[in-house]
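Structures follow.
Note that chain A is present in both complexes that follow, paired respectively with chain B and with chain C.
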Partner chain A sequence: MALPKRIIKETERLMAEPVPGISAVPHEDNLRYFDVSIHGPSQSPYEGGIFKLELFLPEDYPMTPPKIRFLTKIYHPNIDKLGRICLDVLKSNWSPALQIRTILLSIQALLGAPNPDDPLANDVAQRWKEDQEAAIQTAREWTKTHAMT
Partner chain B sequence: MGAKVPRNFRLLEELEKGEKGLGAEACSYGLADSDDLMMTNWNGTILGPPHSAHENRIYSVNIHCDSNYPDQPPTIQFVSRINLPCVDKKTGKVDPSKLPCLAHWKRDYTMETILIELRRYMALPQHKKLPQPPEGTTF
Partner chain C sequence: MQPHFDALFAESVRSSPSLSPSSSSSSLSTHGATQAATQGGNYDEPPSKIDLRALDYVTDYDSHLMCPICHVPFLHPVVLECDHTFCNSCLKEYREGASSGARSRCPTCRAVLSSGPRKASRLIVNMCNETKVRCPNDDCQEVLPRGCVEHHATKECPHERLRCPDPKCDKLVKRRNHVPAQCIHISHIECDCGAVIELGKGEWLRHKDEDCPNTGVKCEECGQRISASDYPGHICNPDDDHSCPGKQYGCTDDFSPEDSEAHLKSCPLARLAPHLQKQSQLLQSLQEQLIMVKVRNEVLENGFEKIHDVLNDRVLPYVSHSDHSPAEASDIEEIERDHIPSALSQRDLLMPAHLGDLTPSADPDSLSISQTQQHLLALHESLRGNVSNIENNISTLTNTISDLDARTSMQIMNETLRIKEDLAHTSAALFSTRAQVQWLMNRERVGQQQQAMGIRGRAPSAQPPVSNQAPSARSSVSEGGDSSGQGQSLEGQPSASILGSSPSFRPQIRRQSGGSQERVKL
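On to the complex of A and B.
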C-alpha cells in the first residue's frame, strides 16, 4: 500500500521539526495512524497535564479532515465522554491546506480557550456557563487525576 | 488496498451509525457504557423475523469487541433466552463456528452484519419453527 507523498512529507516534518508541546508518532504497522500527545497550555486548567490522543488519516485525506480523539479523560465543554472533539476545522471548516500540525495546534488552542457556546459535552458546557470557577476547578482535578500519571 | 481504519475509529463510525439509526430496521446496537473510552462492550437487539416462532419478540445480545476487533470478530452472547443451534443452551454464547459471518470473518464486517445474519439464521426454514423458551426469560 503506497502512502501518498503528502502524508510522508507531513510525517517527516513532524519528526524533524516537532511543535513544542506536541508530538505525533505514526504506528509502524499503519502509517496513517498516529499516537499523539499534547501538553496542556500554561495558564489553563490543563496546565501540567499530558493528554494522549489518536489520529487517523482517512483514505481521501487531505480532501477530508483527519479523524482525531482524546484517549485521556478530559473535562472540557467541546470534548465528549468518548474523547470526540467539536472543532470547526475538523468539520465544516476543514481545508486541504491545513495539516496535521495545524490541527494539533488548534486543539491545543482549544484547551486554552474552551467554547461553552458551541458544546459537544452539554453537561460540561452548562456547568461552564453557570459556574465557570467550579468548572475550571473540576477541569484541574481531572487533569491531575487522568493526565499526570 | 486502501487505508486501514484502526479499531477505535471503526467503532466510532459504527457508534455514529447506530446512534443515527441509519442501520437496518430490525436490528440496533449501542455502547453498554457510554463512558467507556475503549468502547469494548455493546448491547444489540434483534427484532424476531416475521412468520417464525420469533415473530414480535425482541432479543438482546451482548457484544464484546476486544483489542483485536475488527481483525477478529467480536464475541456474542444472547441475554434473552433463545433456542437456536448456534447458541449455547446454558450460557447464550454464540458458537462462532456455526454462524458463517463469524466463521469466515472479514475486516469490513460490522456488528450490524452479525445482527442481521443472526436474524436471517432465525428465519431459516430449519430454524424458524424451533420451540422457543417463554418470552422475556434470560440466560
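On to the complex of A and C.
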C-alpha cells in the first residue's frame, strides 16, 4: 500500500483543518477512497440537506482528477441520476495544482449556483430553464425527502 | 463558473504543508534527469538515488515553498512566465500527461504560456534545500538539510546497506562493517543492530542475549524481550510494544516485532494516528468539560436544597414563634416584613419544572446546559443574598438574646451575692452563739468540779491541773461508752466542725467514734 506523500498530506490536512460544511473521511481499508458529505449552501434549494458523495483518487492522481459522484439523490441541472457531476474542473479543466478540498468547495459552490446552460441531466436543465420557480421547488422537495434524515 | 475558479486556485495556492513521517515511496518519484533540458527550460537535474519527496520532513517550512503538485518543498524549481513555480519534474510529468491544450498552460493560473520554464532563483533553491529531513536509511536517526541528505545517505551513512564485495555473496552489509574486497559473511555474521560477530565462538548467542540493543534482554516481570536501550523505560504490557499506532483506527496488518519499524514507515494509518489521536483527545476533553458542567449543576442544586432547608428550618420557626415572645416581638416583626415574601418567592423559584428536568438528563447539549447553568447561577446568587440577609437578622436576634441572657445572669449573681452575705451573717451569729454556749457550759462544768473538789476537801491549789484534767475527765466520761457520753461527744462536734471549718470531717468522726475522740478534741 504505497501511498504518495501528497495524498497523505492532503488527508492529514483535511482531518486537521476541515472545510466548514464539508467532511471527507478516508476508508480504513483503502486510503484512496473517501466518504464525503457536503452541507447544502444556505440561500439555495439544497439548504438544510446533507449530501453524501464518494470520492476516489486514481492511481495517477494528482495528474488526473479525482473521481467523484453524489450518492444522495439530488435535483440539479448539472448532476445526473447516477450522481455524476458535470463540472469542468473534474474533467478538462483539472489541474494537479487543485486538491480534494478545492474540488469539494467547487462542488459546494455548484449547489449554490446551478448552471443549466452546461447540463448533464438534460430533462432537469430543460425544466430549470423553462420554469425555474417550479424546478427550485422540486429541488427543495428532493432535498427534504432525500437529504434530510 | 469562472469567478469561483479564482477562489479555488487561491485556495490551492494557500494550502499549507504539514508534518508527517515519510512514506516509503511515491508515485511522483519517477523522474530521471536525462530529459531534464526540455521545452526550452535549460535545466540540468542530476539523477537522484533516493526519493527526496518521500523523506520525513521533520520541521515545518514556509507554505510558499511547497510545490502545488507534489506538496513538498520544491525540488529543482522552475518558474513559468506567469511567475508560478513548480518542481521541474512535477511540471514535466504534468505536461507529459496533459492534453495538448493544457500543456501550454500554467497548472495554477491556466495562463497560456509562450515560452518554456526558467530556473528559479538560487534563493528559492537554497531555501528549499535547507528544509530538515531525516536520513532514510533504517536505524539512522540523522537529521540534516535536504540538500545534504543524498550525499549522507549514499556516501557516508554508517547504516546504509551496501552489497557484499564478494560477487558470489548476495547479502548486504552495513557501511560501517563493510571491508573492501572481502566477504565478512563467511566467518562473521552481521546483526541487524550493526554489530559484526565472529561465528563459532558462542559469541552470537551471547550478543543476542546480552549486548544487542535490538533484541536486548528478557524482562523478568513479563518475560518479554526488550531492547537494552528501551529497557529502562519498559512497561510490562505485551500488547503495547509492537503494535501499530494506527491499530485502533483500523490498521489490521499483522507483522512480527522485528518488522514493526518498517511497518511504521509504510503504514498510512500510523501516520494519521496522531491526528486521529488529537481528535479523540479533543472529544475526551469536551466530555470531561461536560462532566464538570454536570458536577457544577449538581453542586448548585445541592446549594438550592440547603438554602431551602435553611429557609424552612430556621426562618419559618422564628416567624411562627413571634407571637409567644413579646420581648423579641419587634425584631421578629422586622424579619417577617423583610423575609416572608422573599422566602415564598424563593420557594417558587426553587423547583421550577424545567430545572428538575434538565439537570439529571445526560443530554450533551452544551448550549442549553450553559444556559441552565447561568440561570442556576443567577438563582443561586439571589438566594445567597437573601440567605445572608436572613443570617444577619438571625445574628441580631442572637445578640439580643445574649444581652438578655447577660442581664438575667447579672440579676442572679446579685441575688446570690446577697444570699451569701446573709448566710455569712447568719453563720457568724451562730458562731458567736455557740462560743457563748460553750463558754457557759465550761463555766458550769468548772463550777461542778470545784464543787466536787470542795466536797472532797481538797485545796483550791489544784487550779492549774483543772485545765489539764478537764479534757481527760471528759474523755473518761466518753470512754465510758454509754449513750449519754456518745451524745455529749456528738454535741461537741458542731463546734469542732466550725473551728476546723471542715464539714467533711463529720462522717469520719462518726465512724471512728470509738478510738478517735481525742483526735477530734486536739
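Everything below uses one rule, namely that the second predicted complex is superposed on the first by the 149 of 149 C-alpha atoms of A that agree within 3 Å, B and C clash if a C-alpha of one lies under 4 Å from a C-alpha of the other, contacts with A are read in each partner's own complex, and residues count from 1 in each chain.
Just so it is clear, a residue touches a chain if its C-beta (ideal position, glycine included) is under 8 Å from a C-beta of that chain, and two chains touch if they have at least 3 such contacts.
Keep in mind that what you see is a predicted model, and the values were worked out from it rather than measured.
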| item | value |
| --- | --- |
| Clash or fit, chain B versus chain C on superposed chain A | fit |
| Touching partner for A:Leu105 - first (chain B), second (chain C), both, neither | second |
| First, second, both or neither for A:Glu59, with chain B first and chain C second | both |
| A:Arg6 touches, of chain B and chain C: first, second, both or neither? | second |
| Dominant toucher of chain A (residue count), chain B or chain C | C |
| First, second, both or neither for A:Met15, with chain B first and chain C second | second |
| Touching partner for A:Pro96 - first (chain B), second (chain C), both, neither | second |
| After superposition on chain A, the shortest CA separation from chain B to chain C (Å) | 10 |
| Footprint overlap on chain A, where chain B in one structure and chain C in the other make contact | 1, 59 |
| Touching residues on chain B, where the partner in the complex is chain A | 1-6, 8-9, 12, 15, 34-35, 37, 39 |
| Of chain A, residues touching chain B in the complex | 1, 27, 30, 32-33, 54, 56-59, 61, 67, 69, 71, 73, 81-84 |
| Interfacial residue positions of chain A with respect to chain C in the complex | 1-6, 8-13, 15-16, 26, 28-29, 31, 59-60, 62-64, 87-89, 92-93, 95-99, 101-102, 105-106, 109, 113, 115, 118 |
| List of chain C residues in touch with chain A within their complex | 1, 4-5, 7-9, 11-13, 15-18, 20, 22-28, 53-54, 68-72, 90, 93-94, 97-99, 101-102, 107-108, 110, 249-252, 266-269, 271-272, 275-276, 278-279 |
